[in-house]
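For reference, the structure discussed in these notes is given below.
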Amino acid sequence: MAAAMIGRFQPFHLGHLELVRQVLNENDEIVILIGSSQINYTLKNPFTAGERVWMIRDTLIESKIDMSKVYLINATDDENNAKWFSNIRSLSPPFNVLYTGNNFIRTLLKKESVLIKDPKLFKESLLKGSMIRKLILENNVKWEELVSKSVRTIFREIDAVERIRNIYQTWMDSPFSEPKN
Amino acid sequence: MAAAMIGRFQPFHLGHLELVRQVLNENDEIVILIGSSQINYTLKNPFTAGERVWMIRDTLIESKIDMSKVYLINATDDENNAKWFSNIRSLSPPFNVLYTGNNFIRTLLKKESVLIKDPKLFKESLLKGSMIRKLILENNVKWEELVSKSVRTIFREIDAVERIRNIYQTWMDSPFSEPKN
Amino acid sequence: MAAAMIGRFQPFHLGHLELVRQVLNENDEIVILIGSSQINYTLKNPFTAGERVWMIRDTLIESKIDMSKVYLINATDDENNAKWFSNIRSLSPPFNVLYTGNNFIRTLLKKESVLIKDPKLFKESLLKGSMIRKLILENNVKWEELVSKSVRTIFREIDAVERIRNIYQTWMDSPFSEPKN
Amino acid sequence: MAAAMIGRFQPFHLGHLELVRQVLNENDEIVILIGSSQINYTLKNPFTAGERVWMIRDTLIESKIDMSKVYLINATDDENNAKWFSNIRSLSPPFNVLYTGNNFIRTLLKKESVLIKDPKLFKESLLKGSMIRKLILENNVKWEELVSKSVRTIFREIDAVERIRNIYQTWMDSPFSEPKN
Amino acid sequence: MAAAMIGRFQPFHLGHLELVRQVLNENDEIVILIGSSQINYTLKNPFTAGERVWMIRDTLIESKIDMSKVYLINATDDENNAKWFSNIRSLSPPFNVLYTGNNFIRTLLKKESVLIKDPKLFKESLLKGSMIRKLILENNVKWEELVSKSVRTIFREIDAVERIRNIYQTWMDSPFSEPKN
Amino acid sequence: MAAAMIGRFQPFHLGHLELVRQVLNENDEIVILIGSSQINYTLKNPFTAGERVWMIRDTLIESKIDMSKVYLINATDDENNAKWFSNIRSLSPPFNVLYTGNNFIRTLLKKESVLIKDPKLFKESLLKGSMIRKLILENNVKWEELVSKSVRTIFREIDAVERIRNIYQTWMDSPFSEPKN
């Protein structure tokens, strides 16, 4: 059966990749749910859903993951969190296990018919997308070691570093404002 | 005629109850408008609209309020505040008085055909939902004295304290992020 | 425990009232879900959610139903029907039975944790809101016998007959168009 | 004071122009509300809001209307018609008169603080956008006499005739479908 | 480079499969855009996006398509068709060719930086999802020959035939109504 | 040809006016895009789109700008910034230049077919709406010198100063909350 993992993947990093491996070791197939897929070009969500799909898929192929076992699913969300899971159910092929260490998601899914499993703990799992975005803003190249070669390539192709800085700079200039406005 | 009061009721507390009594003393019927009804499982809005309806109604019955005089109305909102009141008008039976001490709502309704009345001031009216959520996060059991027995019962049934903490904890872990993402 | 019934109640009629009685005979409480609550002033949905709440509540009080056993809940919908039920769950207090004779809803709720029960069959249950709107358009006063005295009173107060005809007339004038445009 | 007129202007035609003249004769300024502004590339709404603004403005300038007396306002709508007018109020500068012969709009605005006035009747006022779109589909060039020179020019620039036919043809091919899908 | 094809895939059939083969013969990768992904349980769109992903993927694997060359992308739409393509761009990895025989889409994309190519004509390309849904409603088992073995298997697992009939029946019962209401 | 400028105009000030003059000096026509047009009565966006249209137009007329060269366009936005520009394209008449000094917008429009030009630098261009709202909150009347006479007149007519303070005060009272709730 299929098992799922959920993230915003801003960007997809080596901790995410480790979890993909764990899930595929323990299950037949994996559904990778790309959360907040409708948001992009913001501080927390600099990349479009399409760019995130691209980074994930190139990383999995680079890592010799068998793509016939992988579903990538864009998952929108809104402020009615109580219907979040049934929205995801409508967008995704069936799965009966969800890997997450996030207590909020556990709380949300308390009554849903899905088994929650914990990701194993390893160094990379402490990684967070926010950490990578912060390193980039601080001009600290260490972020490059935290993502795959494919992600670095796509970053160059889409000028990701410049984009993250421009979003941040506009936000700094107008502290009362969301970026665009 | 009917008069209305508006709140998010996160959760419904004894200050709200006192205002219900005041409104029913001064009017034939009350419309209780449950604001931001589309939002839930967030720091400010931990409870679903349905849970809020449930807490309000059980508290009113516990308090011997005559339910044939009470309308409970879920009221959505969005960022176009200028159409907020006409949205509420479309969702609610007619009322010609609105009780509110909130200056923003007074500003918003300046041109609307509704009479704004002030809630009387009593100790409980200083209560705020945010205060109760804060006490819970600080493990201070005083919150229990600020809500009805019915609310405490429902809190246990839905693990409300754990939910509020899990939402908060996830938020603390990722300061740049909204809870879920 | 509570049981639910669902309808658009355009308008609430005597068949609906009979079902309310049946549900309350067989259960402690009833949740009346007012579907498509965000739609109004259209051919199929001439009344606002607030007007529908008003008609239902006045009819129940006229019929000596104990209002402390009744929840009236506005329920929005959208074109992602697969998340319809979880949206309703988020807007309503808990219920574990749903009365419906509609096969589509049965199909939709196949995997949901709710018991579906059939409404008993009696003459009034053949009633449909569409039938009443049709009689009104044909100037046939028989519609008055199919709704409660309270509904007739509210119809006069809001000029419901004129509204239904105006919506229809505008629609007839522009066969390629939705009413307003 | 300003007076308003409302239409979808698919496309703006000589009947619309006559009404603009009437409104400006009787009032200081005119607010032209472009309805269903969020819809485009459909049978009923082939043109974007921007294209409609463009056609209206070029026609008014061609007709020597003083543009310092004219507001063009994009007005979205949704299926909650009861809040339609307050949405328009939020998008438009103030006006206290609305010219419309549409009974549905009269019904909708019954309780709003706006004076409804009838357009004068003249031959062109029998014109409808649907008539023009129908002539185009029937290859009947008479439509050209029903719109301004500016509209004809813009039609050529955006290949409007081909667009209307392509939308229609796709719709004919899939009778159960909305155009795109 | 990648090329895209777009459809609603209600359901995915052998004509779609042939186009996938053509696209992969002529390009490195294929992006399969699943249109109207937010709609389900309607006459035209009986299946959820997730079910459609499932049917497509199982069919491609059954057909020995190399999954490392395939992207499946859920693509929402709304009534502002003029922004449809840029929404898809935001949800999808980059592609520079789109295969479509649909004139409406050609019209819509006139100014977009994408090359439109025609699908080759073969018998299966005359297939339409609407045809398959019609055969099912007429109890004509010929539909089974028009889809893959995988689709037939999934149809049994989700009771697809019963679902299509229930949706249709409810629609027939209330000709003025959308299915659910 | 037409050139565009974009802003939220909360409120329209003398820096904006200078840019209008520059754009009209260098181009035939100007499209003034009013961003976040769906938001109002918030800290960052106290004014409705309609009020903003009103202030801009009265200021331009006061400043002897030829209104036959000016388009005012309400432009909604949402959190999918990647489709922001195509939304604007659908709402606006065509333009081929956009004046903006905002790096975020430059990033966003990298691949769009529009020429980005820098506003000239002059003292007024350092003005920001946020600065004016801050002066008002601090009771500093200097804000009056930063806007046109028309804007001051409209401010009095709509009690703008009181509105800004009431929104702020409600926000200060409930630091965890958005204004209304």
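First chain written, first letter: the chains are A, B, C, D, E and F, and each begins at residue 1.
Methods note: a residue touches a chain if its C-beta (ideal position, glycine included) is under 8 Å from a C-beta of that chain, and two chains touch if they have at least 3 such contacts.
Quick caveat: nothing in here was measured; it's all calculated off a predicted structure.
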| item | value |
| --- | --- |
| Both-way neighbours, i.e. chains that touch subunit F and touch subunit E | A, D |
| Partner chains shared by subunit B and subunit D (touch criterion as defined above) | C, F |
| Proportion of interface numbers common to subunit C and subunit D (over half same, under half different) | different |
| Counterpart interface for E-F, drawn from C-E, B-D or C-D and sharing over half of its contact pairs | B-D |
| Centroid distance [mean C-alpha coordinates] between subunit E and subunit A, Å | 26 |
| Between subunit A and subunit C, centroid-to-centroid distance (C-alpha), Å | 42 |
| Per-residue overlap in subunit F, given as positions that touch at least 2 other chains | 40, 48, 80, 82, 89-90 |
| Chains touching one another, given as label pairs in label order | A-B, A-C, A-E, A-F, B-C, B-D, B-F, C-D, C-E, D-E, D-F, E-F |
| Subunit A contact footprint on subunit F (complex, rising order) | 8, 35-36, 43-45, 77-82, 84, 102-108, 110, 128, 130, 133 |
| Of subunit F, residues touching subunit B in the complex | 38-42, 48, 159, 162-163, 166-167, 169-170, 174, 176-181 |
| Residues of subunit E defined as touching subunit A within the complex | 37, 40, 48-51, 53-54, 57, 61, 67-68, 70-74, 76, 89-94 |
| In the complex, subunit F residues that touch subunit E | 80, 82-83, 85-87, 89-90, 111, 113 |
